[in-house]
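Listed after this line are the structures, all set down as structure tokens.
Next, two complexes with chain A in common: one pairs it with chain B, the other with chain C.
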Partner chain A sequence: MRFGAILLAVSVAFAGGTVRLLNVSYDPTRELYQNINAAFAKQWKAKTGADVVINQSHGGSGSQARAVIDGLQADVVTLALSYDIDAIAEKTGLLPKNWQSRLPDNSAPYTSTIVFLVRKGNPKRIRDWNDLVRPGISVITPNPKTSGGARWNYLAAWGYALRQNNNDQNKAKDFVGRVYKNVPVLDSGARGATTTFVQRGIGDVLLAWENEAYLALNELGKDKVEIVTPSVSILAEPPVAVVDKTAARHGTAAVAKAYVDFLYSPEGQEIEARSYYRPRSKEVAAKYDKQFPHLTLFTVDEVFGGWQDAQKTHFAEGGTFDKIYQPGR
Partner chain B sequence: MRSNWFQRHSILPGFWPSLGSSMLYLSLVVLIPLSAIFLKSASMTWPRFRSAVTAPDVVASYKLTFGASLGAAVVNAVFGFLVAWVLARYRFPGKKLVDALVDLPFALPTAVAGIALTSLYSENGWIGRRLAVWGIRVAFTPLGVLVALIFIGLPFVVRSVQPVLEDVDRELEDAAASLGANRWQVFSRVIFPLVRPALLTGFAMAFARALGEYGSVVFISGNMPMRTQITPLLIVAKLEQYDYAGAAALAVVMLLASFVLLLFINILGAHGRKYMEAR
Partner chain C sequence: MSQGKLWMGFAVIMGISMSAARAQTADQQSADQKIQQLEQKVDALDQQIKIDERKKELEAEDAASKAQNAATATADTSGFTIKSNDGNFLLKIGADLQVDNRAFLGQGAGAGTDGILLRRVRPTISGTVYKYVDYFFRPDFGQGTTIIYDAYIELKYFSKAKVRVGKFKPPVGLERLQSDDDTSFVERGLPTLLVPSRDIGYQISGDLLPNQLNYAVGVFNGVPDNGLSDAAVSGHRDYDARLFLTPFNGTSVKALSGLGFGSGVDGGGVDGEPLPSYKTFGQTTFFTFASGVTEAGHRTRLTPQGYYYAGPFGILSEYTLTEEGLKKGLVQRDVAYRAWQVAVSCILTGEKKSFLSPTPKKSFDPLHGGWGAVELAARTGEFSAEHGVFNYGFASTLTSPRTAREWVGGVNWFLNRLVRVSLDYGLTNFGGGAAASLGGNRAPERALIGRFQINFI
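And now, the complex of A and B:
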């Protein structure tokens, strides 16, 4: 890592007019950031005359955060959940703990939600969350302990159950337990779960991020699977942040800030919408209205009091997820 | 006797430099990273350490990890020996190909192996479909874990046993036969004792490799808490929650248990060799 840092510093020094940024992101954003980076570089060149090259790193959100904690020289991080950026702030101090309030909309320029991917024609007639607990329905979702993205799935089911049962936590726990009783395989990551559902043909429904469900749909063709949007779901807010101290050391603070601001700009929002992320901008959202079905969305902050609390209650050792599988504890 | 211990090696020159550089190398490659794990887990209080390493899902994962690894190593010891026997003793067309095939599990990225095995053995897979008729499910059960571990462990046994088998002096067998030993006696009293240490080494390596295996297993196991989660997966799960100390605690338990088991197997092997020399 240290060697990489030196290499990066040297290459910045010698590249002259070229600025280099490293954006450390999570898995399914490859295509999104390819397009964003090209557009941003063009805009930055027009504005300042300088060239900017953005290097990307992709991986599981948690392992990407750990890489940054262990010294990966990220100028910008764009991850799947704020809990992971919190961990960077807390363990390294490279960015302040209040990082999430520095940019608009909880530092999440684009959002998504959890939807259902079902077999073509929806043979099991799965319409909403309560269909997932029916006997004989097989649900595919990754293990929330190893997959950051899968924690959204779990919390979405929990939030739905709370709404149906006047915020009765015990009933929600029972409901989510019944959903997971219908889960035959807990893949370690979202990609593995998609493979299980699509390639191996296991399960009646895959819980997925909306943008990833669209990617799967495009890849497989609409004659194989279809997307079902439930009545209620969670607002997934994948956050972005400038890693202040790293960017300051690289002398890239200004361009890094411009980069994350670009994600909120009309042009950036368009690109995000085309990658099936829900844009924050009302104008862009209106333009892509047909692509994003309307549903009631709740946030982690509203229902679970933020990621730190959600993590402690549900996914830490002995949390609600463990209890589903440990009778009598 | 004890004071002569080091001098026994001194027939060859360069003992101290070679021992020194070996120790340095071992320290850099093995000891220092491993001590880092111990240090990390030392940041926990004892009650926290104990609760981390004895949680019900963790205990279930030890049973699966050690049980399946042992099972896979036993299966590989039997069938790996057979493969080594065939390769060492017979000539047949395509032998070179088979020989190269044995090493494939070494070279294949484990994730690829895991995905391929899962495709084959899942209930819609080419093999899994046929087994499902008999009510046997492999993928997403402990049996699937066993299958993956057998796959990755096979070369260790074959590659340890094969050269020893090839070196077995044919004259010994002829001598045994001329003294009236039947084929089974020649095998069990002459050949097998000669290759037993190598077989044990291969067994130990296959076992050790299986204990640490992650990439292929996570695909085929299904990772169901209390049923098909291996300990390395739980370590990753803890890392995913930035519980570095908890992850290190599990790693320490795995390390100590593996070390004791491997030491035991090695002592067993050394004992066997001494026994052979004594005869």
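And now, the complex of A and C:
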């Protein structure tokens, strides 16, 4: 790998050009990858002498996957959920179907979870998922049909309800239906939902990626909003992958592989932790232990049998979400 | 006043005061509750207004997104087009309609019939799917027949190796590859008689050097000269190739930037294919083979070709040699036909001449000073069949001339990019083709052809 990278860098140096990568990612990772890209480019330059420029593309995870399927020339994809990369692999063959087994930790170098962002002082006393179904509570979450983050929100609520009701699927369905009854407006993506809650001042609680909640907290100040960590939530594992055939065609396979490997490196893990993503590295996780509240986390595999089953049951056309969603008010 | 009465009076006053204070507190609480309720209502209304505004905002974003992704329909000089926003999907509807008025001057034996006819009636559907795949479909309903002229799919993922399959012009003749709305004459010259018109097969083509070196190679069913059959007659295949250079295109040598030259070649086995007949400029048949003659053995075509364009002037020249095996009874021989032409043209209204038809500087609009573009053109050329064709009885000199020499002059008036009016006069002299009692030579053909044409694809 190192030899390949050096070989590439030498050839690029002789060609007098700059290697360009396109990282197609999802909504809330803009800040994370700005920092990652700068650090990786610096490291790559030091290691190989070659310049690398990483372009970013962001949007709803499902929409981004669709764009790649339709021809967006991604060298690397870093999406919200594995189902979206599975779709790229299945529909285009640009990367193998076993892509997720090629990198450690199911190709998810960092994790996150779903937390609540509430108004300062938590005037509606929202402490856990069951508070979201109280009459008069206004919940902000994006549309699971278009947003990867929204699907994590939905499944987190469903998983909580199963735990509270001895795995009774009907009661879980009823619970999640009541949550969405309190959703007045559905944005298409996580960043849009944050805008609705933070900038437009709508709603009592925003269901948010943990990192997105911290970003909002830092941006608005602790005198405006608070983060509430529920008793239980879902372990979100946003995966990354090299789009092999596209990268090969661009001549960027080596640098793309180095880029995703960098996400697992101590430096990459540090940047992820600083960006409020939970690092996989035990050393870095220990260092940032106080930053991340402890809560019970369950995985999609444990509760829903994997993303393929979850997608088919809940989010496909005519799935459970279509049956339970009724616009509030 | 006794002390007892005094205390009683104090108690009464205190009672009244306390009662009043209690009543005041209750009023205050009631007022606070009302204020609180009002505040809640205001908050709720404020939320509702914000929600409504946000919904409108999202609807506007959604509409903008849909508009951004929506297909666009356009109508312009390229025809009528429906195109997806990303350009990956395209549907074009076009048409090629030509109305001719043919008049034959003099009383030559082979003179055609005067009349007005629909020379070409060709609706066209073409476009792109998934960015890299083009399609093209063009039937012809002209002259009372229905023929599929072009029907092909082209994968253009690699610009240096575009893959085309279907029915289309094989890469052989220069003038044949020129679209009929780009030729300077209403009918093509004699060399084009000896190359295939359309054939079914596969082709790979592309620019080895962008805009300077173009190649095409293909495998086809094989058709007779000027043929466009839809079916393979024998199991043989034709193998075609063409290389064309425009070496100074895009360079600093401006004087030679319009120079292009190359050659097409075509070869393959033949066995029982029908034989062609050859037509004059006036579209009358001047050469036919004797009955019982079939193709047998091998057929080869070679077409060196070139053009040069400079400012309003243009010259195009082409030579075609066809060698093929013919069989009649027990006699089988290889014979050859040759044809050449030189065509010159000049645009009088200042537009640049090129391989494509000119776009008038000012479209026809006389009230506003627009008259379109006018081109004068002339060409000469000759067809000849070798003596063996007649010596072995494959054709008769009594009916088929050994040579045909044509002179054509014409004027083209381009009203705009799509509409053109042409008037051409063609004289064809023959060597042979008539009985000795009639002088031995087929009578010259003098044809005057006028055309109204609209063409957009």
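Note that in this section the second predicted complex is superposed on the first by the 308 of 329 C-alpha atoms of A that agree within 3 Å, B and C clash if a C-alpha of one lies under 4 Å from a C-alpha of the other, contacts with A are read in each partner's own complex, and residues count from 1 in each chain.
Here is the rule we go by: a contact is a pair of C-beta atoms (placed from the backbone, for glycine too) under 8 Å apart; a residue touches a chain by one contact, two chains touch by 3 or more.
Keep in mind the model is a prediction, meaning the values are calculated, not measured.
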> Is this a clash or a fit when chain B and chain C both end up on chain A?
Replying inline: clash
>> Touch test for A:R200: chain B only (first), chain C only (second), both, or neither?
In response: both
>> By the touch definition at the top of the document, which applies to A:Y325: first (chain B), second (chain C), both, or neither?
In response: first
> Between chain B and chain C, which makes contact with more of the residues in chain A?
Replying inline: B
> Does the superposition put A:G71 against chain B (first), chain C (second), both, or neither?
Replying inline: second
>> Quick check on the superposed pair: does A:A316 touch chain B, chain C, both, or neither? Answer first, second, both or neither.
In response: first
> Which partner does A:D187 reach: the first (chain B), the second (chain C), both, or neither?
Replying inline: both
> Where along chain B is the clash with chain C: 44-52, 62-70 or 116-124?
Replying inline: 116-124
> Shared contact residues on chain A for chain B and chain C?
Replying inline: 184-185, 187-188, 192, 196, 200-202, 329
> Can you name the residues of chain B that touch chain A in the complex?
Replying inline: 51-52, 55-57, 115, 118-119, 122-125, 140, 218-219, 222-226, 233, 236-237, 239-243, 246
> Once bound in the complex, which stretches of chain A touch chain C?
Replying inline: 70-71, 138, 184-185, 187-188, 192, 196, 200-203, 329
>> So in the complex, the part of chain C that touches chain A is made up of which residues?
In response: 47-48, 50-51, 53-55, 57-58, 61-62, 86, 88, 130-131
> For chain A, which residues count as touching chain B in their complex?
Replying inline: 60, 62-63, 66, 87, 91, 143, 145-148, 184-188, 192, 195-196, 199-202, 311, 315-318, 322, 324-326, 329
